[in-house]
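Here chain A shows up in two complexes: once beside chain B, once beside chain C.
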Partner chain A sequence: MLNTAGLSLEQAPPISIPFRFFLLAPLFGIAAGALLLAVGEEALISRWSPVTLALTHLLTLGLLGLVMCGAMLQILPVIAGSPVPRVVLVGTLSHLLLVGGILVLQGGFFGLGAGLMELAIALLGSGFLVFVSGVSVALWRVRTPSPTIVGMRLAVAALVVTVVLGTLLAGGYAGLFRIAGLAGLTDTHLAWGLAGWIGLLLMSVSFQVVPMFQVTPEYPVWFRRRVPGALFVGLLLWLWLRYATLQLGWSPLWETLWSASIGALFALYAGITLRLQQRRKRRVVDVTLLFWRLAMVCLLLLSGALVAVMVWPDLGSNTRFPLFLGIVLLLGVALPAVNSMLYKIVPFLSWFHLQKRQLTLMCMSVPVPHMRQFVSDTAARRQYHAAWLALLSALLALIWPSLFARAAGGLFALSNLLLLGNLLRAMALYRSTAVALSRCGDDPNSH
Partner chain B sequence: MVAMERLLNVSELEPCEPLERTLEAARALPGGDYLRVIHRREPHLLYPLLEQAGLRWRTRRGGRAGYEILIWRHQDETAAEQVRAYLDAC
Partner chain C sequence: MSTITDTMARDHRRCDEIFSTAEEQVASADWDAASDVFNRFRQATEHHFSMEEDVLFPEFESRTGQTMGPTQMMRMEHIQMRQLFSDMERALTSRDRDGYLGLSETLMMIMQQHNMKEEQMLYPMTDQVIGTDADDVLKRMEGVENVA
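On to the complex of A and B.
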């Protein structure tokens, strides 16, 4: 149940706060697609090349990060009954710092100027500091935390670990200090960012949104209460095993076994989600369900790959294996899930804010559009097809890079262009209705 | 005047259609009538909108889907009386 005791309309941030995050995010997706289209197979040779690093951070910080931060500022008052304090200041400042930081970081990866990496560290570090501070106050004010709130707290803690490790790596990249065991530290940064921040946030938010949005039964109580905490502890133990393997000479088998166990928990989550979706009351298959299913099937595939590497250790030493994991996780799991949420959140916010405005002005002569009118199902499906074709092309590019790398880039850019178009159309409908309501509010005869 | 109950079942609709349909039906309520909404969750986001629209409500846990929300117009004593009678009978 939504824990919105004490929720008032004033607690929700102005619509411009989440929307500024949502509207800029697809631009980074378009930039990532265009970059892959321009450089082609070079981006898929090694995970260490500047192009691959730039691509990865355009996706994780630019596309995923911005949407997740914007959504969190918006949904905390709704699902926790606890708004982010000074949300306009926190939203505006963190948005500016993060966007600036992502852009400068790209320049740093490509070596476009001296001091860019240092500037990126400062901008991104302070952007995340502002965001985490605001969100943490809201999360820790909740007196009786639901499993979703507990999961969100753990996800924010994982974000802090990811940012600290990322800052260290960027400092090493900029030559500020020497980093011993660069590969190990990068893997740790990745694991905490992907499994910790993205994975835990996705899982804990889905405890609320899957039953609510898709009219499914609830997730089992034991799963909601135990698994996010178990995953967090699992990541901490993995950190220790990684250290023991690299520094104390332990057999890598323990670390691989533990990674597979974490993967198995995510596979269990994907299996439960798919099962719940099968049992949903309303049998209509809309595009948000399609995106969500794609994400869960890819999560099963990813977990299967982590088990496969345990059985066939040679697989793990293949340079394409980490790229395969990255593509499936980002393009297959995280982006479709975030995309699905965007198509629910944006129409709802637009409708809700207009409804609030109409009732405040008592202006019933201007109709508020229905939520389905903000993003048309046909347009959203078109974007879904472009998104999964981009995923398929990216996977094929691992086998035939010269044939599919540029196609994957083009399709990914197209998918994000369509997403941006859909969001802009929703925004335009929101603005035109808001303007009509304001005019009506000024005219005493039209009430 | 005898108040008439208007029934709206939104228990199998995806968000935010329940909110949308409830608000539409509530705003179209003629004087003397009340709306009984069958819902599977407690619709916390609906309440501030109802308040702004000059409507009153009572929520009852139970019924066939989990929750029932009874909505009537502010100062509509006939409808309010019927809602009280309905809740007493539950």
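On to the complex of A and C.
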């Protein structure tokens, strides 16, 4: 049977589904910035303090997680030709459960009340269950999966591992049960969430969107076919080495060596991406390209750090080293990449839905704004600079915490405020144009 | 033997290249050159559309019996892109740099998604149903008149 499903754009979910994820995400970014602004250097002392845990999860679950989930529901019909079944139900329900869960989890970290951690586990667990079930049906229905689909499947599997481990950790935090080797389990949770879920999703989606958005050559076939799978297997092996180091007394050298080779694969990915972008046919530099470059340069830096720790093991025992990795990975790699995608997806979806409506109603008298009218280049660049400064101050705060920690918080909140403003303006223009189109549709004289 | 997929994908790349040159010239406000290159881009793309609408799509439809399926969707997207061409032409005439760049970015997005759907699904499907007649179909496609 020929698969023609993918050619139907009617399968795209209503615009309100991805938009509700995108709009709330920057609010969590603002909250994270405000928290750092309020608490200051205390947040950067250790990765185990409640403030640091709260900050991390505002960023990973609130900001990154929501955008990634919303975007995935949106793009599956386009890049996989396979829509998420009952997408309105899946989107609405997972959105509510996840947002509720993230908020309650914050209360849990700060010990604001008994039973909050348990409630957060229930909300986040069921939210991810709904999301993963919907997305999995769509992903596993694809009969001849492209490397992007294979990579997305692996990313979703990594998400499941991350959520299960997170649930265990949260249970331990709440005192539901005792966990032996909390640090080891946390590192595993981190590795699967960051390198697995975020890393694999970013990589496999970029196989499609980098050539598409910037008109670059394709990623090499061998890379697309082999690397996502190799990384996944690499993470599984790393899990075993972690266990062997902690429980069987193996030399930690093996584990360090292995994580450096995982880092090397990501460095290779970043190198290839930068090279492809250098050879792009579309020479106009837009803000989404700037965000991508920043992300890839930071990814190289991150991989470099993993190699450096192999050469100078003392670096790894410095309490600031994990914070450095976290800042570069979240503020340097993941957020800029997600930010870049938002500035393509939101204006394009707005235009796309409106133009389709215009053609259906035959209302040529109501002009549909183009992408840069939804988000202007100037406004996007302003936010890019704020995001850049926030990253820089967060890195400086590792050296001079008292001077830069609050500044980093303030700048990060500002960057997310600007992002929220840009998204809100785009949605307001979408709404006013949609209203004008329906009015014109009702009035036969205005056609 | 050439395939529809290879030939048409190559033609997509050719159109992309002319598109990018025009965009770059608008970005550097080289209006006279931009207008020439834009016209070349429009002609190349209209020729591509005609090859599909006049030969390839009818061929696909008559061999599969699907007239309301993917080809209809592709025709609809051609209409969307043609509307953007007219808007871009207007922006060129009024030397509206930001307007043109906003429109060209929009066109880029729809064009790349459109091309991806054709190259990954519609063309391979067409190659499958046309089989050994591909050379003959391609010859007829190359002969279409440019309507632009």
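By our rule, the second predicted complex is superposed on the first by the 441 of 447 C-alpha atoms of A that agree within 3 Å, B and C clash if a C-alpha of one lies under 4 Å from a C-alpha of the other, contacts with A are read in each partner's own complex, and residues count from 1 in each chain.
In this text, contacts are C-beta pairs under 8 Å (C-beta built on N, C-alpha and C of every residue); 3 or more make two chains touch, one makes a residue touch a chain.
Please read these numbers as outputs of a predicted model, since none were measured by experiment.
*Asks:* For the overlay on chain A, clash or fit between chain B and chain C?
*Replies:* Aligned on chain A, chain B and chain C clash with each other.
*Asks:* Contacts for A:Val311 in the overlay, against chain B (first) and chain C (second): which applies, first, second, both or neither?
*Replies:* In the superposed model, A:Val311 contacts neither chain B nor chain C.
*Asks:* A:Thr360 contacts which: chain B (first), chain C (second), both, neither?
*Replies:* First partner only.
*Asks:* Scan A:Met212 for contacts with chain B and chain C and give back first, second, both or neither.
*Replies:* In the superposition, A:Met212 touches chain B and chain C alike.
*Asks:* Just to be sure I read the superposition right, which of the two partners does A:Ala114 touch: chain B = first, chain C = second, or both, or neither?
*Replies:* neither
*Asks:* Please indicate which partner A:Arg282 is in contact with in the superposed arrangement: first for chain B, second for chain C, both, or neither.
*Replies:* A:Arg282 contacts both chain B and chain C.
*Asks:* For A:Asp377, decide between first (touching chain B), second (touching chain C), both and neither.
*Replies:* Second partner only, chain C.
*Asks:* Based on the superposed arrangement, let me know which partner A:Phe352 touches: chain B (first), chain C (second), both, or neither?
*Replies:* both
*Asks:* Return first, second, both or neither, reflecting whether A:Leu248 touches chain B, chain C, both chains, or no partner chain.
*Replies:* neither
*Asks:* In the overlay, one of 23-31, 41-49 or 59-67 from chain C clashes with chain B and the rest don't. Which one?
*Replies:* Clashes with chain B appear only in stretch 41-49.
*Asks:* Touching chain B in one complex and chain C in the other: list those residues of chain A.
*Replies:* On chain A, the overlap between the chain B and chain C contacts is residues 2, 4, 7-9, 78, 212-213, 215, 281-282, 284, 286, 344, 348, 351-352, 355-356, 359, 370-371.
*Asks:* Within their complex, state which residues of chain A touch chain C.
*Replies:* Chain A reaches chain C through residues 2-4, 6-9, 78-79, 81, 146, 208, 212-213, 215, 281-284, 286, 344, 347-348, 351-352, 355-356, 359, 370-373, 377.
*Asks:* Under the definition above, what is the set of chain B residues touching chain A in their complex?
*Replies:* 12-17, 20, 23, 27, 40-42, 44-45, 48-49, 52-53
*Asks:* Quick one: in the complex, what on chain C touches chain A?
*Replies:* 16-17, 19-20, 23-24, 27, 64, 66, 69-70, 73-74, 76, 79-80, 83, 87, 98-99, 101-103, 105-106, 108-110, 112-113, 116-117, 120-122, 125, 128
*Asks:* Sort out for me which residues of chain A touch chain B in the complex.
*Replies:* 1-2, 4-5, 7-9, 78, 212-215, 281-282, 284, 286, 344, 348, 351-352, 355-356, 359-360, 364, 370-371
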